[in-house]
Structures are given as C-alpha cells and as structure tokens.
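Below you'll find the structures, each written out as structure tokens.
You will see chain A twice below: alongside chain B first, and alongside chain C after that.
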Partner chain A sequence: MLGLRAEGLGKEFTTAGVLALRDLNLEVEQGGFMSVIGPSGCGKSTLLRIFSDLAEPTSGIAEVNGKSPREARIAREFGVVFQSPNLLAWRTVLRNVMLPLQVMGIDRAERQQTAHKMLDLVGLSEFARHHPLQLSGGMQQRVAIARALSMNPSVLFMDEPFGALDEITRDRLNLELMRIWSQLSATILFITHSITEAVLLSTQVAVMSGRPGHIHKVIDIDLAHPRTAETREDPRFYKHVLDVRRALTEASHE
Partner chain B sequence: MTSYLTTLGRTIRHRLTRATRGPAPSVFEDEFEQPRSSRSEKWRSALSEVAVAILLLVIVAVLWEIIKLVTGTDSIKMPHVWDIVVFFGSETSQGENFTVFLLRNVWSTGKGAAIGLGVGATCGLITGIVISRSRLIASGLMPLIVAAQAVPIVAVAPALVLWLGTGGTTKAMIAAYLTYFPITVATARGIQAVPADSRDLLRTYGASNRTILTTLEVPFALPLMFVGLETAAAMSVVGAIVAELPFGSKDGLGVVILTSWQFFIFEPRALYAAAIGACALGAVFVLLIRGIGFFALGHRRQGEVL
Partner chain C sequence: MSDTTLADAIQADTDSGRRLRVRAEIPWLTIVAPAVFFVAFIGAWELLVKVRDIHVLLLPAPSVIWRQFVEDFSLLRVLAKNTAIESLKGVLIGAVMAIGLAGLVQPVGWLNKSLLMYSSTIKALPIVALYPLCTVFFGITSAAVVAMVAIGITPIMYTFAARGFSGTSQEDDLMRSISAGRFIRFRFLVLPRALPYVMAGMKTAVPLSIIVAIISEYFGGRVTTLGSHIRRESQQLHTPEMWSAIVMACLLGIVAFGAVSLLDRYFLRWHTSRRDD
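After this line comes the complex of A and B, so read on.
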C-alpha cells in the first residue's frame, strides 16, 4: 500500500476560470519523505489541500493510505502544518498542542500526557505554560508541528512550514524535522520553495511545473540517513541540488 | 503630589515608547520574547488608568472654575464646583437627602439599562454570528440594521411609552435597541477576522461548525466583542434615560433631569448634580464591562486581534 497516490488528478476553479492542476500523477511510499517544489502558483498548495480534504478534485483520484482523503481525515490519519503556525493566542502552548485531541473527545488526562510527550519531541517541554506570543517564530512553528503530531498521524502534510523563518532558524528546524521523522516513520508531503531544504530532507523531490500544474520530474535523493549538518557538505548533496535546479529551470520553460 | 505626577509621567512615557517600538524581532531560535503583557503588568496599567481618571476629573473641575472666572458667567448658569458638591448633602422638598434621592433614581435607570444591555448583547451576539456565517444574510441584513440605527430614538420614545407603559420594560427595550448594533458589528467583524488556515486546521481534526464556533471563533473575537460591549454599556444608560423623558414617567434619572431643568432658574445645581449622576452611572457600567473583560481576556488586551 502506498502512503500517498494521485492519479490523473485535476482541479479547476470554475468561478475564477483557472485550471490549477491537470493530469497530475504522484506516488509516495509509506514512510517516504517527498518534497514538492515548483514556481509560485503552480498548484502545490492545491495539491496539498486535495490530499488533506480541504479541497475536492474536479477529476482523478487522490488516496491517503489507500483511502480517499475524506475517509483518511475521518480516521485521523494525517496532520497538517501551514506556513503560519496558527496557534490560538489565548491558550497556553500545552493547551494548543492538546487542541486536536480535545476536538477528538479524548479525555483530559490522556491528552495532557500526549501533549507533554509531543512537546518533549520538539524540545519545548519547558515552554508548556507559556503563551504562543511569548515564543519566537521558530518555536511557534515547532509547537504547530507538535500539535499536528499529537493525533499520532501516519501522514504529515507540510505547506512551506519554514517559509517565513530566517535562514539560521530554518537550517536548525530542518535538522530537527529529520530527527522527528526518523523517530516517527511517518509519510511526509512537504511543500517548499527552497532547493537545498528539499534535497536535505527528502527521499524524493517532485518538481512541478505550472499552468496547469503537473509533476514535471521526480528526483530520487539517495543521501544516507540520518541526515545531519554534515550532509550539506557531501558532494552528492550538491549534485542533487544541481539536478533539482536544472529540473526547475526546465519546468519553467516548458 | 509633585513626586506622584513625575512618576505618573514616567509611567506614561514608558508605556508610550513601548507601544511604538513594539516587541523586538527575534533572530535566534531560542531567544524568546518577553511576555507582551503579563498579568502583573495589566494590574499596574489598570491602576494607573484609575489615577489618570481621577486626575482628569480634577482638571475638569479646575477648568470649569477658570472658564467661569474669565468669562464672568453668573452662578445661575455656572454654579461653583464646591456649591454643586455641597448640594449632594442638601434635602429635597420631600425632606429626603439629595444623594439618597439621586441614587434611588440612578438605581431605577441602571436596572432598566442593565436588562437592556443583557438583552441587546444576547441578540447582538446571535446576529453577529449569523452575519459572519453568510455573506448573503450579511449584505441583506446590514443596511436594515444600520437604517434602524438612524431612527431618532427620542422621537420614538413617547410612542413606545404609550405602548409599553412607563415602567422598566420600555427602558430595557430602548436600551437594548441602542446596544444591539455595536455588539452585532463587533461580533461579526471579530469572527470574520479569524484566519482561514485556523478554520481549515480545525476541520482537519474533524471539528463540527459548533466546535469551531466555541473553540476558535468566539474566543478569537472576544477582545473585539468587549470593545463593542463597552460602547454598548454607555449607550444602554443613554437609552434608559431617553425612555424616562416622556410625560408620565415616575422615576429614574430622566425624570430627575427633566424636573431639575424645569426648576433650573431657582436651583441650577440640581440639574448639574443629576448630570453628574448620569455620568457616574455610565462610568460604572463601562468599568464593570472592562472589569469583566480584564478577567475574561486573560493576558490579552481589549481590542487586540491576534
């Protein structure tokens, strides 16, 4: 069974008359980490929204763990992290992480325990009682990741989660995400604008081209795991970066 | 007094610079910002607000006396401040202490205003939620609500008094009518300001519309709703007083104002005292709402949209 599958996926925004996706095909193995990279407005976010049941495709099939996105959502098999952390300012960090569990109707003791565990995982246990606005942007995003993980999803959708952060913070969070992913063995679909980020994190990088959006090329990244700060100095890392860059250039001239 | 004023000045200056500079942007991951408004800071700022309010009252009194002196206005039009203060201890024609008499009427007005505020707030909250739900309902309903606000309530009040009588019902009705609009608008605007991503996130957790309303939308809109409530609180007092103005009313601040006005030439201080009573009632209402907001909003501030 595949973690994610899209076949002949199409999405048309009829009111705006925009064809966002056409005949998009994609396969991600369970436990795989796929980055999707492409020019702005090529439909990357639309793809993620279809997989997470926030938008419906106009044609084709999308599957999460062999189920339709709706079934997968009802079975709570995936978590979503957006570019903006979207934390609730009036709740403490801990209660923000508990939010999905609260909606799911899990009892208080258990949701507290799980939330503490997740905060531990992202290294923010000591900030459980803080309010989100007392944290830096990077820490807020880590809380958002902890919140998405609290449902114990087997699939994680991330839409440019580190896009609004500075380079230093982003580098650190990339490594952090690698560490978390190695502990969880979840399938991750990661949307980004950064080539180096995509290469460092992924087992596969899907290069998209736009108008209408489809997958131009999928590049396997065969760098060893676990990936660390040293991975960035590996000559093969640069080869992959070049490959992705070339594919992106082709995609935008298509 | 002087040292107090310097401290006050320093506090205000400090708060102003902090407000314009805002929180410092953080560059490094583990450098976290100071709490933007901690509980103790909120208490301190509440205390200095009270100090400023008292100071302003003193300034108004001094200005009153200066204007009286400079323009040479006689004591019938502008009685001395201390004469007005003394008047609160005088006796009415019924032999009752004036302050007691005034408070009795303030209570009657306040009761009507409070019921009206409660009714108006409940209706406004519901309308605000409905409006925020549907663009169609919003665009159809808003012009009607705004047009209704343009009706001069003073002109309609006598008709309402004939219809509903001079009692508390009329007071509450008019107070509710005036409070309804600001709360409706504040609720609708607050809910409309909820980021779409936050709503989407809750949907992915499988949250129902009701759960989204109670865990996200209403808490998010709360600081704005309290701004609407505060405006509404002052309006509710005005509404209740207007309801007491038509002929036939028996008690309330409106009646006191009207009778004092009729006897203004003989006793001008009564009208000013009644006006002070109305101001005080309005202030108490606003402060009560602010007090509730102080606790309900936790570490957030009124009007803050995050």
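After this line comes the complex of A and C, so read on.
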C-alpha cells in the first residue's frame, strides 16, 4: 500500500476560471519523505489541500493510505502543519498541543502525558505554560509540529512550514525535523520553495510546473540517513541541488 | 516570566529578539501629565470663583463641592449603588441578548446583515426618546430604566459580537483537519476568537450604560437613584448638592470603566495587544 497516491488529479476553480491542476500523477511510499517544489502559483498548496481534504478535486483520484482523503481525515490518519503556525492564541502551548486529543475525546491524564511527550520531541517542554504570542515564530512552528504529531498520524502534510522563518532558524528546524522523522515512521509531504531544504530533507523531490499544475519530474535523493549538518557538505548534495535546480528551470520554461 | 526562561528563550531562538521589550519607564503621558492638568484646572476654577465672587448657586467653588460631597457621601453611595445595579442589569440583559442572537444568526448571512442594519439604525436613535414608551410598558420603575439600558446596549454589543463571530481564519482549516465537529469548533474556536470583540464592545457599552441609566432616572425612575437625585436638587436650586452628585456619577463611570478594563486584561492576557503596548 502506498502512503500517498494521486492519479489523473485535476482541480478547477470555477468561480475564478482557473485550472490549478491537470492530470497530476504522484506516488509516495509509506514512510517516504517527498518534497514538492515549483514556481509560485503552480498548485503545490492546492495539491496538499486536496490530500488533506481541505479542497475537493474536480477530477481524478487522491488517496491517503489507500483511503479517500475524507476517510483518512475522519480516521485521523494525517496531521497538517500550515504555513503559519495557526495556534490558538488563548490557549497555552500545552493546551494547543492537546487540542486534537481533546477533540478526539481522549481523557485528560492521557492527553497531558502525550502532549508533554510531543513538546519534549520538539524541545519545548519548558514553554508548556506559555502563551503562543510569547514565543518566537520558530518556536510557534515547532508547537504546530508537536500538535500535528500528537494524534500519532501516519502521514504528515507540511505546507511551507518554515517559509516565514530566517535562514538560521530554518536550518535548525530542518535538522530537527529530520531527527523527528527518524523517530517516527510517518509519510511526509512537504511543500517548499527552497531547493536546498528539499534536497536535505527528502527521499524524493517532486518538481512541479504550473498553469495548469502537474508533476514535471520526480528526483530520487540517495543521500545517507540520518541527515545532519554535514550532509550539506557532501558533494552528492550539490549534485542533487543542481539536478533539482535544472528541473525547476525546465519546469518554469515549459 | 522568570529570568531563566527568558534567557533560555533567547538561546533557543535567534528570532526571539522582538519579545524583549522593557517597559519600566515613568508613565509620564498617562499619569503625570493628566494629574498636572487636573490640579491646574481645579486651581483655576477655585481662583475664578473667588476673584470674580461668583454666587454659589451659579457656580460653586471646587472646595465647596468637595465639602458637600463629603457631607452627602453616605447618601450618594446608596444612590450610586442603585444606579450601578440598574446599569449592570441592563448591560447583562443587553449583552446576553446580543451575543446569543449574534451567535445564532451568524451562520445565516442575510439575516445577520439585516440585523446589523437594524442595530445601526437603533444606535443612531436618540434612545432617551424611547423612555416614555418604556414607562408605558413598565411604569415609572427601576425596570423601565433597566429596559432602557438594555435597549441602548444591545445594538452596540450586537455589532461587536457579529464582527467577532464572522471572522474566519486559517484556524478554521486546522479545526477541519482534526475533524472537529460543529459544536467543538464553536466552543474552542469561534467563541474565544470573538472575545476580543466582545470586550471591546463592553468597553463602550458599560460607560454608556451608566449615562443611559442616569438620564432615564432623571426623567423619572426610582427616587433613590443618582439621576432622580440630580433632578430634585436642580429643581430646588441646590447647586452644590447637584455638583456633588455629578462628582459621584463621574466616579461611578470611572470605577465601571476600570472594572471592565481589569476584566479585559484578565480575559485577554494572551492577546496581541497585551504585548505591543
């Protein structure tokens, strides 16, 4: 069974008359980490929204763990990390992480325990009682990751989660995400604008081209795991970066 | 926040600099300047009355008003309490009606729009004109005053609550992604998201409620209230007594606004405005 599958996926925004996706095909192994990269407005986010059942495709099939996105959402098989942290400002960090568990009706003791574990995982245990606006942007996004992971999902959707952060914070969070991913066995679909980020994180990079959006090329990244800061100095890392860059240039001229 | 967690935060994140804002300055503009102005104003008033020898029935000196205020204090306190209870009842009834209505109507766009139009119309109405109507329904009673306050408060609170409830944000996507049902979404997201709007509404509504209550009392209401006391004293040309009641009315307004501000501070301690002030 595949973690994610899209076949002949199409999406038209009828009111705006925009064809966002056409005949998009994609497969991600269970436990795989796929980054999707492409020019602005090529439909990357639309693809993620369809997989996470926040948007309906107009044609084709999307599957998460062999189920429809809707079934997978109701079974709570995936978590979403959005571009902005989307934390509830009136809840403390801990209670934000507990939110999905609370919605699931899990009892108080257990959800507290799980939430503390998740905060440990993203290194924010000491900030459990803070309110989100007391934290920096990078810390807020780590809380959002902890929240998405609290349901113990087998699939994680991440829509440019580090896009608004500075380079240094982003680098650190990338490595942290690698560490977390190695501890879980989740399938990850990761939308990004950054080539180096895509190469560093992924087992596969899908390069999209736009208008209407489709997959231009899928590039396998055969760098060793675990990936660390040293991975960036590996000559093969640069080769992959060049490959992705070339594919991206082709995609934008297509 | 203790120093250790603050230090950790700096270490933990390079972009945390913006949370370090020291505000231990002398509150020059908010306290000292108004206080100086107040003293100067009272001094000028006292001087004017003394130098021009203005008659006490026309304009009593602040010192005379103060003496009268101290003398009448135990009476004024009772009057103010009664007025405060009337306003508070009116505010509670008005706010509950407005928030409840806004919450119920929020999913129905056209209904919400038409109610917003009505509430704008009512807000533009000189509501004192409605008081005779209220006395027709309730008689010259405390209930008539409470009804007036509720009528005055409801459209204001409705406007604020409707705006609070109608907001959408990316948190709606989050709620969907964790398959939160309608009721949970309302309780965990919609209601707290509307709270800053509700509190902003209360900051306008509560001082207004006291104004409406006193004016209504002035036109007839329970005898033991500030408004009817002011009317009685003015009819008998007891100018210092009138002024001391006005001082009490001012104090009541200030206390009411202070109480709402404290509630606001407590309920919205997580809010952005708490960080940037």
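Here, the second predicted complex is superposed on the first by the 254 of 254 C-alpha atoms of A that agree within 3 Å, B and C clash if a C-alpha of one lies under 4 Å from a C-alpha of the other, contacts with A are read in each partner's own complex, and residues count from 1 in each chain.
As a working rule, a residue touches a chain if its C-beta (ideal position, glycine included) is under 8 Å from a C-beta of that chain, and two chains touch if they have at least 3 such contacts.
Predicted model only: the values in this text are computed from it and were never measured.
K.L.:
Clash or fit: what happens to chain B and chain C when chain A is overlaid?
P.N.:
clash
K.L.:
Look at A:100 in the shared chain and tell me whether it touches chain B only, chain C only, both, or neither; answer first, second, both or neither.
P.N.:
A:100 sits against chain B and chain C alike.
K.L.:
Go through the superposed model and pick first if A:242 touches only chain B, second if only chain C, both, or neither.
P.N.:
A:242 sits against neither chain B nor chain C.
K.L.:
Tell me which partner A:166 touches in the superposition: chain B (first), chain C (second), both or neither.
P.N.:
both
K.L.:
Contacts for A:229 in the overlay, against chain B (first) and chain C (second): which applies, first, second, both or neither?
P.N.:
In the superposed model, A:229 contacts neither chain B nor chain C.
K.L.:
Under the stated touch criterion, which partner chain does A:74 make contact with: chain B (first), chain C (second), both, or neither?
P.N.:
It touches chain B and chain C both.
K.L.:
In the superposed arrangement, which partner chain does A:126 touch: chain B (first), chain C (second), both, or neither?
P.N.:
second
K.L.:
For chain A, give the residues common to its interface with chain B and its interface with chain C.
P.N.:
Residues common to the chain A contacts of chain C and of chain B are 52-54, 73-74, 76, 78-80, 82, 84, 86, 88-90, 99-100, 102-104, 127, 130-131, 133-139, 151, 166, 168-169, listed in rising order.
K.L.:
Okay, in this complex, where on chain A does chain C touch?
P.N.:
Checking each residue of chain A against chain C gives 52-54, 73-74, 76, 78-80, 82, 84, 86, 88-91, 99-100, 102-104, 123, 126-127, 130-139, 151, 165-166, 168-169.
K.L.:
Tell me, which parts of chain C touch chain A in their complex?
P.N.:
1, 5, 8-9, 12-16, 18-19, 169-171, 173-174, 176-181, 184, 188-189, 192, 195, 269-272, 274-275
K.L.:
How about chain B: which of its residues touch chain A in the complex?
P.N.:
My answer: residues 26-36, 195, 197-198, 200-207, 211, 215-216, 219-220, 222, 297-300, 306.
K.L.:
Which residues of chain A touch chain B once you look at their complex with the stated criterion?
P.N.:
Residue list for chain A touching chain B: 52-54, 73-74, 76, 78-80, 82, 84, 86, 88-90, 99-100, 102-104, 127, 130-131, 133-139, 151, 166, 168-169, 172-173.
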